Structure formats: structure tokens, C-alpha cells
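We just call them A, B, C, D, E and F in the order they show up, numbering each chain from 1.
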Amino acid sequence: MQKLSGRRSIAFFSAIVLLATNAFADNAVSKVDSGDTAWVLVSAALVLFMTPGVGLFYGGLVRRKNAVSILIQSFTIIALVGLQWAAFGYSLAFGPDIAGLIGGLNWAGLTGILSDPNPVYAATIPQSVFIMFQAMFAIITPALIIGATTDRMKFSTLCIFVLLWSTIVYDPVAHWVWGSGGWLKNAGALDFAGGIVVHVTAGVSALAAAIVLGRRRDHGAGNLVPHNVPMVILGGGVLWFGWFGFNAGSALEANAIAGNAFLVTNTAACAAAITWMLISWIHMGKPNAVGIVTGAVVGLATITPAAGYVGVPAAVIIGAFASVVSYVAMYLKNTRTKIDDSLDVFACHGLGGTIGALAIGIFASKAINPAGGDGLLAGGASLLGTQVLAVAATWIYSFVVTIVILKVLDALMGLRVSAEEEEIGLDLTQHGEKAYT
Amino acid sequence: MQKLSGRRSIAFFSAIVLLATNAFADNAVSKVDSGDTAWVLVSAALVLFMTPGVGLFYGGLVRRKNAVSILIQSFTIIALVGLQWAAFGYSLAFGPDIAGLIGGLNWAGLTGILSDPNPVYAATIPQSVFIMFQAMFAIITPALIIGATTDRMKFSTLCIFVLLWSTIVYDPVAHWVWGSGGWLKNAGALDFAGGIVVHVTAGVSALAAAIVLGRRRDHGAGNLVPHNVPMVILGGGVLWFGWFGFNAGSALEANAIAGNAFLVTNTAACAAAITWMLISWIHMGKPNAVGIVTGAVVGLATITPAAGYVGVPAAVIIGAFASVVSYVAMYLKNTRTKIDDSLDVFACHGLGGTIGALAIGIFASKAINPAGGDGLLAGGASLLGTQVLAVAATWIYSFVVTIVILKVLDALMGLRVSAEEEEIGLDLTQHGEKAYT
Amino acid sequence: MQKLSGRRSIAFFSAIVLLATNAFADNAVSKVDSGDTAWVLVSAALVLFMTPGVGLFYGGLVRRKNAVSILIQSFTIIALVGLQWAAFGYSLAFGPDIAGLIGGLNWAGLTGILSDPNPVYAATIPQSVFIMFQAMFAIITPALIIGATTDRMKFSTLCIFVLLWSTIVYDPVAHWVWGSGGWLKNAGALDFAGGIVVHVTAGVSALAAAIVLGRRRDHGAGNLVPHNVPMVILGGGVLWFGWFGFNAGSALEANAIAGNAFLVTNTAACAAAITWMLISWIHMGKPNAVGIVTGAVVGLATITPAAGYVGVPAAVIIGAFASVVSYVAMYLKNTRTKIDDSLDVFACHGLGGTIGALAIGIFASKAINPAGGDGLLAGGASLLGTQVLAVAATWIYSFVVTIVILKVLDALMGLRVSAEEEEIGLDLTQHGEKAYT
Amino acid sequence: MKKIEAIIRPEKFDEVKNALADAGFPGITTYEVKGRGRQKGITLSYRTSEYRVDMLSKVKVELTVRDEDVEKALETIIKVAKTGNIGDGKIFVLPVEEAIRVRTGERGDSAL
Amino acid sequence: MKKIEAIIRPEKFDEVKNALADAGFPGITTYEVKGRGRQKGITLSYRTSEYRVDMLSKVKVELTVRDEDVEKALETIIKVAKTGNIGDGKIFVLPVEEAIRVRTGERGDSAL
Amino acid sequence: MKKIEAIIRPEKFDEVKNALADAGFPGITTYEVKGRGRQKGITLSYRTSEYRVDMLSKVKVELTVRDEDVEKALETIIKVAKTGNIGDGKIFVLPVEEAIRVRTGERGDSAL
């Protein structure tokens, strides 16, 4: 158990009590704390809601002719990864460790492990609840990637890609960082709520995918403008809302660590949104609405790994800094490269996750979370190095494996729709539907 | 109390403690568990949110000229049934039993029963919280029916219909199945979260209503296409999110049963969505986006009654099977009948609820929930029969009474708008508003 | 601690236990109750979600050319006030009292006060959680005001206005009513969830702002019709959903008071929505969809201050009465005045909050909440007077200070966009974006 | 060749479209327009107020036909578009000097 | 009869509409169009980039009038639609051979 | 002056727009229309059913040009709008009697 637990005392006490009251107990699940369970159940629901939220955020940014396409991609990913997770994904990520690299298939199918807590991961909630909370992370991660492949990837190939990617990229990396026995976890790497596991893997893989797929045919033509800004803002609102489950839920208890994560999450998002607003105001003369929402998302992504380890002042710095870096990265991508990471997944999530993970090495403090670590400012010299290692390993692994998967799929089934289908739009050609009639 | 309660031991212990610390206690509400209460409060809020979710799901499916109409119908139903529930609905459904058929009016107006738990229903939460959780079920059920009557029913008649239907159909059936002393409950029928009480009543009544109302004037003209697919997908996302409150909240405690319900709910929805996607891909050459969302909703509806009693493998089977049945039923309805169940409420909810309720008789296991039962596969021979009885009784009662209510209302105030009003659309003619300007 | 606490006994007992088990306790945060913490964490998230909900509600009501503008205003206010709150807002509102008027800056920056509960405000949750819950109230309040200034106010000035208003109006009034030592709190004024602090301040300030800004250039031209009614209804649904966090969360524990607040909140909203529907049906011949949603919002706003102190019958009366008053007020505003409180913030929130706060003086009962008070009907003669005092003080203060702030800003940077910009719309002129392409 | 521009009630569009096809005029182009004429407009309501909208949604159907087909097309439209109430719409006939099929470059009547 | 097609700024539409009615031309049909002319287009921004949109939203107002009313209608429109800035729009006049009122079948000037 | 009305595939619009500008015709007005011709329509699907939509989205590009420029404009459009498949669209040429620039009141060719 990774978290500060003032409740350990109660758990211990309850144990004694249970000995005395054993006759009245139905079974031994009494370690389950109803408050913690309630909180993680809700958090899992909130994170689930984020995936349609990503769909709305992305859906508003694309053109009308591809709106159904990206929305249904995000929705379908829930179903695909939800099944994969129950079948074997959870077991690969959190099952009994094999060589620090991957979990064993012992828990495939999720039978017989649900009711009791797994104290290795979360001592006060039924393992079923932990499984579901983690499922939602596995789901949203590939749903982030589709922002890079939108408007041109075949739906069939995308489905296969998502299943392969979850299995070969997400599950192993989740095991390395969070799985009991994972080599990065053993090395002391910290990732509170998925800056490395979620945002770095998604962002770097998105970059790889954008490169392998190539640009949209009309990329650069200047007509790639959001078709529905209210939908973008709604999506941003849903994401902000759900992110409290994402980050504060990662405390896995309803305690002061969760409270801290909630607070710094909100604060970093605020700082990043305002920073982005000011940059765009100065740079382009007007505060860009889509930009303000983008800034908030960057702030949320960036604070994610650090949310359980840093305090309010650090959150402000992290959020503001992330917005600057992400803004500059998008600007350079647009002006200096031909890469068509269409909705800037790399700049938002790849860089955000990276900055947040490294920021732990600077700002983390055991005063905030005794189960965390001390960063540079708190006199901990080694943590930053470990974080660099974890981020670098994840970058390289995600980038290389994503390219390999896509190259294989390209050979087997093709990655892109035809030029004509791309012109007409994916809604009609992939799904036989129109967004609005 | 229906649920497995590892917390009973704590409750017992607390009771002892209270004797000792009585001087410090303000009153006797200490049986309330804050974690369970938190969870059911949240669940009630989530289920409330599902009703606008149904509105969005349905609203996107209808034509532009009826979009306000169906959205405001679902919204108004919250208000109508919310008041009815407080006035007498709760008392009819859950009040002191009269002959196994209905609750007495003893609790009409909801005074004096709010603070303490009602241990018959939920021993660890204030009865007010149970009342509100149940209110949201009473609200959403008629809001499902309007998918069958859309585009042609008078708003005034709909309001009266909803009040009558809630009182004469929903409240009694809820009493039979869930009320203390209800005859189906006494017979041992199981319905964890409302497959019978909610989905069968709504789906079968929708079928009856579609028959009594008759078809839309332009039914079959091939122009009845969804006006806003992103709205459909958003609605589906809201429903999925809220359904965790619906199903996992029905544990009425934040415990392992809730965790199991959450997990199988998600899994069944995933399996059903993927199954639907594959069927439509094979059948029509393209994976239909509205269909994928529809599949998820079918899966969610179907797992509802079984969510607290079955495990993950059963959830996959139940979800996948329900999608096949629902797909075939819609296809046959469209090709072989003239019935205009406009948004397929019967195929989604009527069949879904039925399949799920019967599946309990096959897949339920006391290993998952000691307070549940054993289905065929766990060697329980009688449960399936009881489930058939409960479903059949609910089918017949819902169908017949809905027809009677509608025939009476037709005579008294008319069911349908005029042909001209239908052509112009309900938004303008019933509400004096346009969806978009 | 303001709330009825059956849990005090447990807290006391836990304290004893802790002495015994001290060796095993990590620290002294064990007073934190996980269920209460879970509930308030969720409630904070729900209230955060209300602000984009307000954006949608307002966004659908304005014209297409100003839709991005109002949506991004509400979004930006989250970021602005979120930062202000962390920097010094919380400290001003809840910090150590200075003369009953304002909190000291002792807690500026929120360092060192997060983990342990602050028993003065909420004894069973980490203060970080209380801070965040309160943050969301501080955020949503100015986001309500923008309904009065929409379509014509400069974005730059609005940002500065929001920061000043939060600091000079919201934080002091919050301190008076809720802050330990606040003069209205000391006087015995009751405001369960912000009828005075949130709705009266917002509504009265909106009126002041509408007067100072002047009318929209095309006000009265009859073309100011909602551009997207489904968006209005979605916004209403999000608000209703979130309001459970707002009101029931204000119990700050997951207990029977929260349950009561949840129940009366829902009931008042239902009564108000139905009342509005009936009035508009009689008055204009058709039940107005936007009106039904507006009625619900009025009911929600009105019950807010009273939610923890009154029962179900009172909730019905309060909700229905508020709809009548608000309807008449809007009608008179439109027919008898030239004031352009564009989206009727005063009629909804100013009057709603006022009615609800005064209703406490009539309907409150210690039978419902021993920590509350007795209104006229329960034989409490003095409470109504106190409530009148609190409302009157808040009216005057909000009105005057808002005018002063706006006059100063007008002199310094101008309040309104140019006539041409107003004609073209704020989306293009303030943000360089179009809502839909 | 003549261009026929018929402004009709939206709810009549499907019928007009089918009638034209049946009468041998498959080729049409349509616009969603708003129009005002003798019709008084409709009353919409918003919260406590009613307001009149004088610009009503109409569909404009446009088809270019050979000179000799004009009357037939006009009759076809009028027959199904007419309700006898104010707001049924108007038809205008304009001269067309040339028609070209983009796909083939054909010109004149054969391009229709 | 002549058909007058006026492409104007959207923000001027209400004024034009009212002015035409006052001048005795209640019957109009309008389109939401996009146009490009000498006007440079507007600059929109998206995240870190600006881009020019050269097709701007315009309203096209169309009315068929008797030959003798053309000048009056033109003047009415020009008077209120003119701001003096680039992008004020254009008006075209086209010959109309026939006008029919769907409701009554009336033809010619009396159908207007 | 002539008015050229070209009904083209939406996906060809950007190319046509640019080609016209390059050929010296910056001034255009465009409509989003739906059209039916020889093209069979497209198949959409909804849940378990497929249905044909015979009215397809098209873009109508309209430009008024001097008489002597008509052919050049026509060629420019045809060159880029043509795919050779059914549904490429049609172009109609109509007589225009007058053109007026709202901003200046200029009339005739110089108003274009």
C-alpha cells in the first residue's frame, strides 16, 4: 500500500474487534472500508465518463464530416479495452510479477479475486473496485491517441491497433510502474495517477502514429478548423470534472492524500488555463477559447503524476510551465515540421506527462505524502534520476513498439482510408452516417 | 436487508459501543454508515443524471423538428414523478404491505420517516437516501417509454399518462418485486437493480403505447434519420456513466457486491456494444455508430437485474446474447411489422430486461452473493421458474394496464396531435420553440 | 461544527481507541471519516461540473454569434477564481476572523493547513477537502453573473471584474455568513448551502451590472431567441445533477441531514418546474420548454439556503412560490422596465436566494436539524428577523460594491465592446473563433 | 431552357420531390431558405414572452427544364404544394441561356 | 418582373428587412451564404495558429418586383445596407418571365 | 453580364474556389444545397436498417461575370470540378441585367 494511511490504526483495531465479534461476522471482508470503497467506485465512474469527454473534446475540434467517426472511436475503445481488461489485461498489468516486466495470466477472466481487498494495491476496498478503477485508465489511454490519427485511419485497423497497443504497450508499462514487482516501481519511480503510464505512453505513441500514418491530405490548407467549439468546451468541462476521479481517486482512499490531489489538480489546471490564455492573448491579440480549454487539459495532464506528492505552490508552477512548453511545442510543430499530430496529443499529453513526472523529482515532499518521496527541493537527490529513467524507458518503449505495431498492421490490412474516402469524410465512408441532418 | 454485509459485525459492535458512550450521542442514528450513505447519495445523483441522458440519446435520434419536444418530455418527467413520489409514490411502492400487492399510504408526504434507516430496505443509510435513490428509478422508467411515443403524442396527454402510469403500473410492480411483503419478492424473485421493475415495465408498456398510438404519418418514408449523432453518443456516455449508480448503487452499501455489480455492468455493456458492432458490420457492411451505442445500452439494460448475482463470464454471455436478440427483434419489427415503436424501446429495454431477469435463473450464484440465489448452473432448479413467473406477470400487467390507461385518455383528451401539427413538428406546435435558430 | 452529528459518539470513541493504539497510528488525522470525506470530495466535483453546466444553460440561450463567448467566460472563471481562492480567497473567507468582517490572510497560499480537519468548519474531513468544496462555490457565483452581462461586455474587463468581485464581494459575504466569527453567523443567520452567499450576491450584482452596462443594442428587437434549446436543457440537467453536491454536500457529512437536503432539493426543483410549466401554459397557451428548465433552476436556487433546515411539504411550497415570483418578475422586467438583465439572473437567483433565505425564518425546524433553528411555524419568532437582516445587508453590499467596481473599471478600461463588435458578435471579435463551422 | 424556382412549405418538400421525379424531372437542387410574404409569421415563446418571427423556414426547389416542359413542371409542383392557406409559396420562372454537364461537358438541353 | 438579389452583411439584415417592408416590399426570400469579394476575409485563431477565412458569412435577400418598382427597391436596400467599408455587398438584377402564387395559381404581377 | 451557377461536389469546392481566384474571379457567392440528378444517392444506415438518401449535399458557386469572361470561367470550373463520375454537377448561365456595388453605388461591369 502506497498511501499514507491514518486508517491503518482503525484497520488494526477492527481486526482485534473482529476476533471478539467473530461469531457475528459473515466473513472476512470486514477490512473493506465503506468510505474508501464509495470514493473509488465514484472515481471509477468519473474516469469512465472522461472517455466520452475526450470524444467531445476531440469531436468538436475536427470537421463536421469526421465528427461521428472520432466520437464513436472513443466510445468503441471503452468496449474494446473493457473486454480486454477483463479477459487478460488486468492480469498482465497487475498479476503476479514475471521478471519485473509483466504480470502473469493467473487472474485472467477475473474469477475468484473480486470480493476481498488485495492489500498489495489497496487494502481497504474490494479488489473488484480496484480492477474497475484501473480499467478506466486502460480505456482512456488509447482513447487519447486517436487525436493524432483522426480523419484518416481505417476504423477496422484502429480497433485492432487499440487491442494490440493496450496489450503490448499499456499493460507492460502499467506493470513496470504500478504492478507489484514492476522494475520501475522497484527502482522507486513515482507516478501517482498515470503521468507516465497514461499520458507519456499515449502522447509518445500518438507522435509515432502521426509519423507512420502521414499527414491528412488537406493538412496545412488552413481549413482544419473546429466544427463545434461549444462541444470542445463541454468536453473540457467533462474532462475537468472526471479528472478529480482520475487524480484524487488514485489515493485509493478517501483521505487527506486524496484531498491534496484534488486541490493541486484543480490549482494546476487553473494556472495552466490562465497561462495559455495570456500567451495566446499576447501572441495572437486575442484570448483563444479553444486554447484556454487546451491549457486546462495540459495542466490536468501534467499534474497527474505529481498530484499525490506536491503542494499548492508547486502545482501553480507545474501548471504554468506546462502550458508554456506545450504552446511552444505546438507552435513549432505547426511552423517547423510537417508532422500531422492532428489534435496535438503529443504536445498536450506526451509533454505534459513528461513534465509532471520529472517535476516529482523536483517538488515532491514527504511532508505531503510520507509514502511518496523527496524531490530536489526537499533535499532528495536521487528521485529525479529515477524519474528520468522511468520517463525515458517509457518514451522509447512506447515509440518503438507503436511503430512496429502500425507497420505490421499497415502490411496486413492498411492503415489509411482511400483518398476519396478521406475527402468525403469518415462518417459516411466508415460508418454510413452523418453527424447532423 | 438483502445484501451481504460484512459490516453487520461493525454495526453490532457500534451498538455496544453506543451503550457505553450513550451520554455523548445526540440520538440513535448511529447505525448510519457514512460510506454507504455517501455511495447511495452519489448513486441517486447519477441515476437522476441518466434521465437527461435518455433525453439526449433519444433527442439525437429524432428529427430536428421534434428535438425540443423529446428532451423536455424527459426533463418534465423528472418533475412530475419526483412530486408524485414524494406525495404518495414511495408509499405505494415501499409502504406497509397490503395483500402483497401494494404499499399503504402511511408514508404519503414523507414526514417523520427520513432520518433513521429503514432496516427492511437498507440498514445503514438514512431512509431519506433510500427514498431518493428509489425516486430516480421511478423517474427514469416512464422517461424510457417516450421513445415509443415520440413525434406524435400530445404533451398534455403525455403528462397525465406519466402520472397515471407511475401510479398504476410502476408503483405496484415495484412493490411486488422489491416492497417488503410483495408477492413476487415473497415468491423469491430476484431483480437486483430493476430489470423487471424498470426495463420490462417500460419496454412492454412502450410496445403497448406504440400499438395504441399508431404509426407516425411518415413512418417508413425512409427519412426518419437521427438529426444529431454526436448528441446520441453523448447521451450514451451519460447513460453508461449513470448506470454505475443504477446498478452498483443498488447494493445500497459500498461493498464487494457493489464492486461486483460495477464490474459486470461494465463488462456486459462492452460485450454487447462489440457484438452489435460486429453484427451491423457483417449485416450492412459498416459498423454503425448509433448501433454501437445502442448495443451498449442494451447490454446495460440486460445486466441490470443480474448485476448483483452473476460473475464476469456470465456478464459477457448475457451482454452478447442480448445484442443479438435485440438486433434481430429490431430487424423483424422493421421488416415484418407495421408497429412504430419509434426508438425501439421494446427491443432495447423490454427484451433486455426480460433476458437479464431470466439469466439470473441460469447464472446466479450464491458464491457471488449469499443473499441472492443459485441459478441452473449452480444447481438451483427453482429460481428460473420464479423468474419466469415474475417476468410473465409483469409483462401481462404492464401491457394490459398501459392499454387501458391510453384508451381512457384517448377518449378523454386525445392521444395524438393533429396531422398538421405532426408535420410541422412538436417543437413549434406543442412548445412554441425551435431547437436551433 | 454546525451539523447534527450522530458520529460525534464514534469520534469520541475513536479518540479513546487511538490512545490505546497510538503506536500503530501514523499520525493524528484519524478523526477523518472516510465516508464523509468521500461524499464531500464527490460533492466538490459535482459543484465544479455545475460551472460548465451554467455555461451550457446560458450558452444555449444566447445567439449563435455569442455562444463561444459565454461558454468560455464560464470556463475561464473556474481558472481565475480557482487561483484566487488558493492564493488568498479561502483565507479571506474562512481565515481567522477580523472584526466579524473578513478573514485574515494567515492561510494565504494554503500551506500547512491541508491534512487535518478544521473542526470549526468540518470535523471529519481533511481541510483540503473543505477548501475545495468551498472553492467551487466561490467559482460558480461570478459565473452566474455573466448571464446579465452577456453579448456586450469586454472579455478583458470581465476577467478583472471577476477577480475584484470575488475578492471584495464574495469573500467578505462568505465570511459574514459562514466564516467563524462572521457577524451574520454570530447573529444567528442561517444559510445552509449558499442562498445568501451565492445566489443573493450573484443575482443582485447581476442586476447592478445590467444597469451599469446598459442594454444590448438590439435589446427588445425580438430576435433575442435561444440559439440552441437542447443545449439549454442539457445545461439544466447538469445543474440539477450537480446541485445535489451543492446542497446535500453542504451537510459536510454523509448523514441524515445530507439525505434531507438531497430530498428537499429534488422536491423543490420538481415543484418549481411544474409550477412554471403551468403558468406559461396558462399565460401563453403552451408549456414553454426553456421555461420548465428555468423553473427547475429557480426551485434549486431557492431551496439552497433552506435545504438543511426544512422538510418536504415546505420544499413544495417554497419551490412553487419561487416560480410564481420569478415568473412575474421576469414579466414585469420585460414589460415595465428597460433593464437588460439578459438571461434574468436577478429574477432566478437574486429573488430565489432571497425567498429561500426568508423561508428559513418561516419553515425551519429543529426537528429536522437540531443545529439549525426554528422558524415562525415552529414557534421561533426571532429567526425571520435575523434572516431579513442577513439578506438586506447582502443586497445592499452586493449592489453598491458591484456598481463601484464597474464604474472604476469603466473609467480604467471600458466595460463594453464597440457597437460594431457587438453587432458582429463576441465570438469573432473577442476570441477570433466561431461556434460552429 | 427555363429555370423554375419554387418556394414551398418545408413539410411539402418530400411530396414535391417525388411528384417531380414521377413527372420526369429527377434533377433538382434545393435550398433551405427563410421567407416572408403575406403570411403573418409564427409566434414563438421564450420564458415569459412571446415574439413573432416573420421570417419562416421554407424550402426552395430549383430545376432547369426545357422550354416545352415548363408548364408540366409548374403544374406538378402546384398540385402537391398547394394547401390553400396563406404561405403556400411562390414560383418564379427565369430564362437560362446555357446549361452544362460538368462530367461530360455536354451543353444545352441534353445537359439537363 | 425582375428579380433582385442583394448580398449584404448579416448584421444589416434586420434593417434591410424592415426597410423593404416599409417601402412596400413585404415579400422576400433569404439565404445564408458565404461570399468572397474584395474583402480580405477574417482572421480566426485555433490554438497557436491564425488562419484566414476568405469565405465570409453573408445574407442574400431575394425579391421579385414589378419592373417599375426596381429602382425603389434598389435604393431602399442600398440606403440601409451601406457602411462604406469593403464587404458591403452586391446587388444583381435578373429578368423574370413568370411568377405564380401557389395558393391561387394567379400569375404575373398580381402573384407578387 | 451573366450569372454562372455551378453546382459541384462539396469536396471539390476548395479547388474550384482557388482556381477561380487564380483565373481572375475572386468574387463568388456560395450556397450549401442538396441536389438530386442521375446520381443514385447514398446509402445511410441506422441501427438495423439501410436507407437511401437521394438528396445529396452539394455546393453551389455563383458568380456574375462580364459577357466576355463567361467561357473562361466555365472552363476554369469544369477543369477542376470534373471527376468523370456521375454527380459531378451542372452549370447554368443566366442573363443579368444590372449589377450594383452597395458600397459605392457603381453599376454595370465595373461593379463586379
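Observations on the model:
Rule of thumb we're sticking to: a contact is a pair of C-beta atoms (placed from the backbone, for glycine too) under 8 Å apart; a residue touches a chain by one contact, two chains touch by 3 or more.
Owing to the predicted nature of the structure, the values given are computational and were not obtained by experimental measurement.
Contacts with subunit A and subunit D are shared by B, C, E, F.
Path length between subunit D and subunit E in the chain contact graph, taken as the least number of steps between touching chains: 1. Superposing subunit E on subunit F by their CA atoms means rotating through 120 degrees, a value rounded to the nearest 5.
Two copies of one chain, subunit A and subunit B, touch each other, and the residues they use overlap weakly: the shared fraction of interface numbers falls below half. Mean C-alpha positions place subunit A and subunit F at a centre distance of 46 Å. Per-chain CA centroids place subunit B at a distance of 53 Å from subunit E.
Counting partner chains per residue, subunit A shows two or more touched chains at residues 33-36, 38-39, 42, 223, 225-226, 228, 254, 284, 286, 288, 290, 431-434.
Shown for subunit E are the residues in touch with two or more other chains, namely 31, 44-46, 50, 94-95.
Every pair of chains meeting the contact definition is listed here: A-B, A-C, A-E, A-F, B-C, B-D, B-F, C-D, C-E, D-E, D-F, E-F. Against subunit E, in their complex, subunit F makes its touches with residues 1, 3, 17, 21, 26-31, 64, 94-103, 105, 111-112. On the side of subunit F, the complex with subunit D involves touching residues 2, 6-8, 31, 33-38, 54-55, 58, 60, 74, 77-78, 81-95.
The touching residues of subunit A, counted against subunit E in their complex, run 222-226, 280, 283-284, 286, 288, 290-291, 294, 327, 330-331, 334, 344. Residues of subunit B that touch subunit A in their complex: 4-10, 12-13, 33-36, 38-39, 42, 46, 63-64, 124, 225-230, 233-234, 236-238, 240-241, 244-245, 248, 253-256, 258-260, 262-263, 266-267, 269-271, 273-274, 277, 284-290, 292-293, 296, 311-313, 316, 370. On subunit F, the positions that touch subunit A within their shared complex are 11, 14, 42-46, 50.
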